[in-house]
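Letters A, B, C, D, E and F name the chains as they come in the text, with residue numbers starting at 1 for each one.
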Amino acid sequence: MAKKPSKSNVLTYAPQKPPGPGEKPGQPASGVPRQDDAHVMALALPPAQLSPAMEAYFKKCEEKLGFVPNVLLAYAFDNAKLEAFAAFYNDLMLAPSGLSKLEREMIAVVVSSQNRCYYCLTAHGAAVRTYSGDPVLGELMVMNYRAARLTKKQRAMLDFAVKMTNESWAIEEEDRDALRRVGFSDRDIFDIAAVAGFFNMSNRVASATDMRPNAVYHGQGR
Amino acid sequence: MAKKPSKSNVLTYAPQKPPGPGEKPGQPASGVPRQDDAHVMALALPPAQLSPAMEAYFKKCEEKLGFVPNVLLAYAFDNAKLEAFAAFYNDLMLAPSGLSKLEREMIAVVVSSQNRCYYCLTAHGAAVRTYSGDPVLGELMVMNYRAARLTKKQRAMLDFAVKMTNESWAIEEEDRDALRRVGFSDRDIFDIAAVAGFFNMSNRVASATDMRPNAVYHGQGR
Amino acid sequence: MAKKPSKSNVLTYAPQKPPGPGEKPGQPASGVPRQDDAHVMALALPPAQLSPAMEAYFKKCEEKLGFVPNVLLAYAFDNAKLEAFAAFYNDLMLAPSGLSKLEREMIAVVVSSQNRCYYCLTAHGAAVRTYSGDPVLGELMVMNYRAARLTKKQRAMLDFAVKMTNESWAIEEEDRDALRRVGFSDRDIFDIAAVAGFFNMSNRVASATDMRPNAVYHGQGR
Amino acid sequence: MAKKPSKSNVLTYAPQKPPGPGEKPGQPASGVPRQDDAHVMALALPPAQLSPAMEAYFKKCEEKLGFVPNVLLAYAFDNAKLEAFAAFYNDLMLAPSGLSKLEREMIAVVVSSQNRCYYCLTAHGAAVRTYSGDPVLGELMVMNYRAARLTKKQRAMLDFAVKMTNESWAIEEEDRDALRRVGFSDRDIFDIAAVAGFFNMSNRVASATDMRPNAVYHGQGR
Amino acid sequence: MAKKPSKSNVLTYAPQKPPGPGEKPGQPASGVPRQDDAHVMALALPPAQLSPAMEAYFKKCEEKLGFVPNVLLAYAFDNAKLEAFAAFYNDLMLAPSGLSKLEREMIAVVVSSQNRCYYCLTAHGAAVRTYSGDPVLGELMVMNYRAARLTKKQRAMLDFAVKMTNESWAIEEEDRDALRRVGFSDRDIFDIAAVAGFFNMSNRVASATDMRPNAVYHGQGR
Amino acid sequence: MAKKPSKSNVLTYAPQKPPGPGEKPGQPASGVPRQDDAHVMALALPPAQLSPAMEAYFKKCEEKLGFVPNVLLAYAFDNAKLEAFAAFYNDLMLAPSGLSKLEREMIAVVVSSQNRCYYCLTAHGAAVRTYSGDPVLGELMVMNYRAARLTKKQRAMLDFAVKMTNESWAIEEEDRDALRRVGFSDRDIFDIAAVAGFFNMSNRVASATDMRPNAVYHGQGR
């Protein structure tokens, strides 16, 4: 059914840009309502008092990225949940691993494509474009990773992530052996599973709450 | 399985840019092969002698768009097929209709998203961005149209196109009535069906032949 | 839900036979409403003035087939659409090709079986029976092509058409190579893709508009 | 993959017609192997000594139908199994019930269409044509029952049978209430469930053993 | 939607235990309604006069099992149906076969797991635990047979049963050959097909009628 | 394919019980290999040096539960990952919430049933049995939650979790409103989404690594 305007999340950090000179609010010339991301999510949850650690973390985001990612604002109604999420996420995507940061982002986008998650495709599609320096690679991960030119090893990694996403119950030793054969260690396999698993969580939480990506992601790495 | 480099289609009009000063061919710094679209499709079909009408059409494409869309080059191995395809396509997408050109492109992208067609998502995603002047709308049609802010009428139109794509056998009078209730005429319904049907053909031909979009689409309308 | 009688299409050429002496209109002895195809489709679209070329084409249909196929009547509300459709269709199914006309009709029926399209199964099932002289082959294409006795080459052709229909996004070079291995040229592959693609369009337009086959098809080639 | 010729079942009652004057064995003019049903199924199971009751039953089939249905020959390797199957089947399809024999056959065909069972679509499609006196109704049950003109009650009956076939785990009290609302008693609901359930068994046994229908079915009721 | 309390089946043999001293009817401490199986099924069908043979059969059930399985009570509204069902079932699961009784029960549970049938998972899960003496094996058949330690032969048997359940139309000679290769005879293949087919019927009848398992099954073989 | 014995995980805390007097290792009388869970998972990852906090946590598990859950041993190859996982999990399942611990476990099992995850069905099925004091409720959550007697509110909660699991991309404001209508607050909706999301991660990591549940779970709460 047609989308009702979602409830404002009071945590909206980024103030909404007022309509510019030639811009009318509401229905624009094209007849399609303007897409904006002024809301963080569809649930109305008042912001919690953040711990000094989390306040510092948000400040660091603003300094380094220019903004606090909306997923963090979405969790900020409860400081304990925010801390647990941030710790889990940062270990997963940034800690040392046999997988490069780009490879972890590629898994993130390919899983999010299977689950058609607007938030994660936008935010992590930007990351693939930025880490790889190749905007087309980001598009391919969003649209159909099978059409991309990949190394055999990258392809096996993404095939495993997609099988985990679509029929995890059918994964067996031969699937793990297919990863070992192209050179992944058992530790690498754990990391592939952990990243693919995580975005199967994150995609669903984002869709369940209608989480909206920060507008700035759309232009990154183009 | 990992993608083998596809066979060159001899019709490749746009000559491949040689690697620039700092660019190495092959595996770039990121470890992911560079994505290019130097090939039109994976089938090796020599170009036919084009009729004067088709030569003029290609020339007009180059003047107005700056390039000949690869889908036309793909059909150019047989002048009769090219003419039939071009006539059918141009009537469908450009002839007078109760649906605006933007709306027809929105259907094109939403259908192509269901079928995960790299060629059509790229070419028609660019058209949505350009016609609407809203790059985010293009992204939403590619990623998940249900997350977009749409009028009730646009939403009903896209829901019908998606049902046609995923379970056409289950469409019944109540589905047509749902379109009538939001204001579509029987002629409009035919046009929605015709556009949604066409991209269910075009997506499949593109995937079956590994048709590659012209690189220029990626940046249009950003 | 139960089927409402569809709106009459004003283009109905074949006048409905009045009930015969022993026939009651409405509910017959079996308790099931009689199935007729007096309507062309569920959309009420007034017929356009046809061009002389199209008038001649319809006359030729009546002379050669004894009737104008309802799919042509369905498009006849707009002469330009009818011409584009007829040209596209005739090139596809009748122009010279490495695929015989029977093989193209076999693809048509197998694709239509996946999409459960009543119009196309009826019209093209008749064509398979007629071209092959084997009524059972027509039934097998409608019911389950995997149960038919086929050459390896025909089976590969139909498997490709079914994969295009059900998961076109997963077609890769190895699928095309499977066709090459059994003896298809790249041109043949294009033709298989074009026919399978076309019926994925045509099935959906027919279902979306509740297009009804001419009654005469049911008995052809038995 | 292409079909291997199935193993002969030694129970083949109907002796294979030798090729007629103008008929060549093997590849006919159309290039497609001739479809025959000289075999009962793909499993080689020697016939058992039948009990007098079963011998009489087979004789009665030949007298009334002109042939013994292949499904009975398929079970004839074990007299106890044949007796149990025949008793179960005959009670189900022929015993007094709130459902007419035609309605039970309509359920049989619609379920078999979901499961794409060549044997059951052929044998029970013939029964629908014969019981209803309407060949088109038989085709519609095979191709897409949603395109048929049905009473609301028949449509509800078939929708329940299809839901039982495709997602039986999701049937709940509201589904049974939908049947009660259009006039079915609880006993009728049991009979609908029993027939729909039975063909979900029979379709699968037929497909698992490549059971082939008697050729005579194809022409019945046309 | 939330479950309405099902209608009482008048055949309920096992009288419902009245609430004990500390037990309140209705909502217990946990906030979840207590799950009971005081009803046989959701259809209200009065019991028929049973034949002496069926009365003796029910008595034997009570002596050997301590209860009459609810599936038999469900069919007891019609003596002929009960007799046909019991004869068919007993031949299938208890007659001599190359498959052990445990193996037939393993197929029963694995098929029922695909169809998520509460009745059959409960009753036949108990049988697997009891026949094997291994409660964990019963759990694995219910939850995901692919996670069980099985012989190659047992795994092939269950894979065939699952393919029959989920896409019977795709079974071909190569699937039967896979069973032959691990040592199954053609007769064994028939028996595998018959058991897998039967539970595809029985699961659906149980779900369509909301058949409830006797409570005693839950504790058997733990 | 048949299961290869998985590689031993060196972290196996619970020493494997040697075969008892009457027990033979290997193939038991039933012909089915004995199911054991002597291994934690199929990846060979050496245990890390645990931090004092994690050592204390494991000790507490052994005191309170009698064992360390295998999922914790699976993460123990890396102390940082173990800490992040434990913190995230404990906040999710044990922190104050509008959902009771039993309700969170019901979501866990119902999601795990959709994903057929042996580890999570076993461990969290035990938790449902224990928290509710009703072993049948645990079985119903594993087998088919739609067959359970639930309050309208619980049913809505589980339906949302299942939709998140199977088609998260289709969740819209009307789905959230359905939860609000039965009495859930926006904070409750977040918690439902968070638990359902988490088990969509955890199920997949468990299946991807063949994580095996501690044997003791099977008997808990019976």
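Rule of thumb we're sticking to: a contact is a pair of C-beta atoms (placed from the backbone, for glycine too) under 8 Å apart; a residue touches a chain by one contact, two chains touch by 3 or more.
All figures in this text were calculated on a predicted structure; none of them were measured in a lab.
Common neighbours of chain B and chain E under the contact definition above: A, C, D, F. By residue number, over half of the touching pairs seen at D-E are also found at A-F, the match among A-F, C-E or A-B.
Counted by C-beta pairs in contact, the busier of C-E and E-F is E-F. Each chain gets one centre point, the mean of its Cα atoms, and the points for chain C and chain D are 26 Å apart. If you average the CA atoms of chain A and of chain E, the two centres end up 44 Å from each other.
Averaged Cα coordinates give chain C a centre that lies 51 Å from the centre of chain F.
Counting partner chains per residue, chain F shows two or more touched chains at residues 1, 3, 116-117, 144, 146, 169, 172, 210. Contact topology of the protein chains: irregular, matching none of line, ring, star or complete. Inter-chain contacts occur between A-B, A-C, A-E, A-F, B-C, B-D, B-F, C-D, C-E, D-E, D-F, E-F. Those residues of chain D that touch chain B in the shared complex are 144, 146. Residue ranges of chain E in contact with chain F, taken from their complex: 1-3, 5, 27-37, 100, 102-103, 106, 113, 116-118, 121-122, 131-137, 139-140, 142-144, 146-152, 154-156, 159, 210, 215, 218-219, 222. Across the interface of their complex, chain D is touched by residues 169-170, 172 of chain B. Listed in rising order, the residues of chain B touching chain C in the complex are 1, 3-4, 6, 42-45, 77, 80-81, 83-85, 87-88, 91-92, 95, 115-117, 160, 164-165, 168-169, 171-176, 186-187, 189-190, 192-194, 196-198, 200-205, 207-210.
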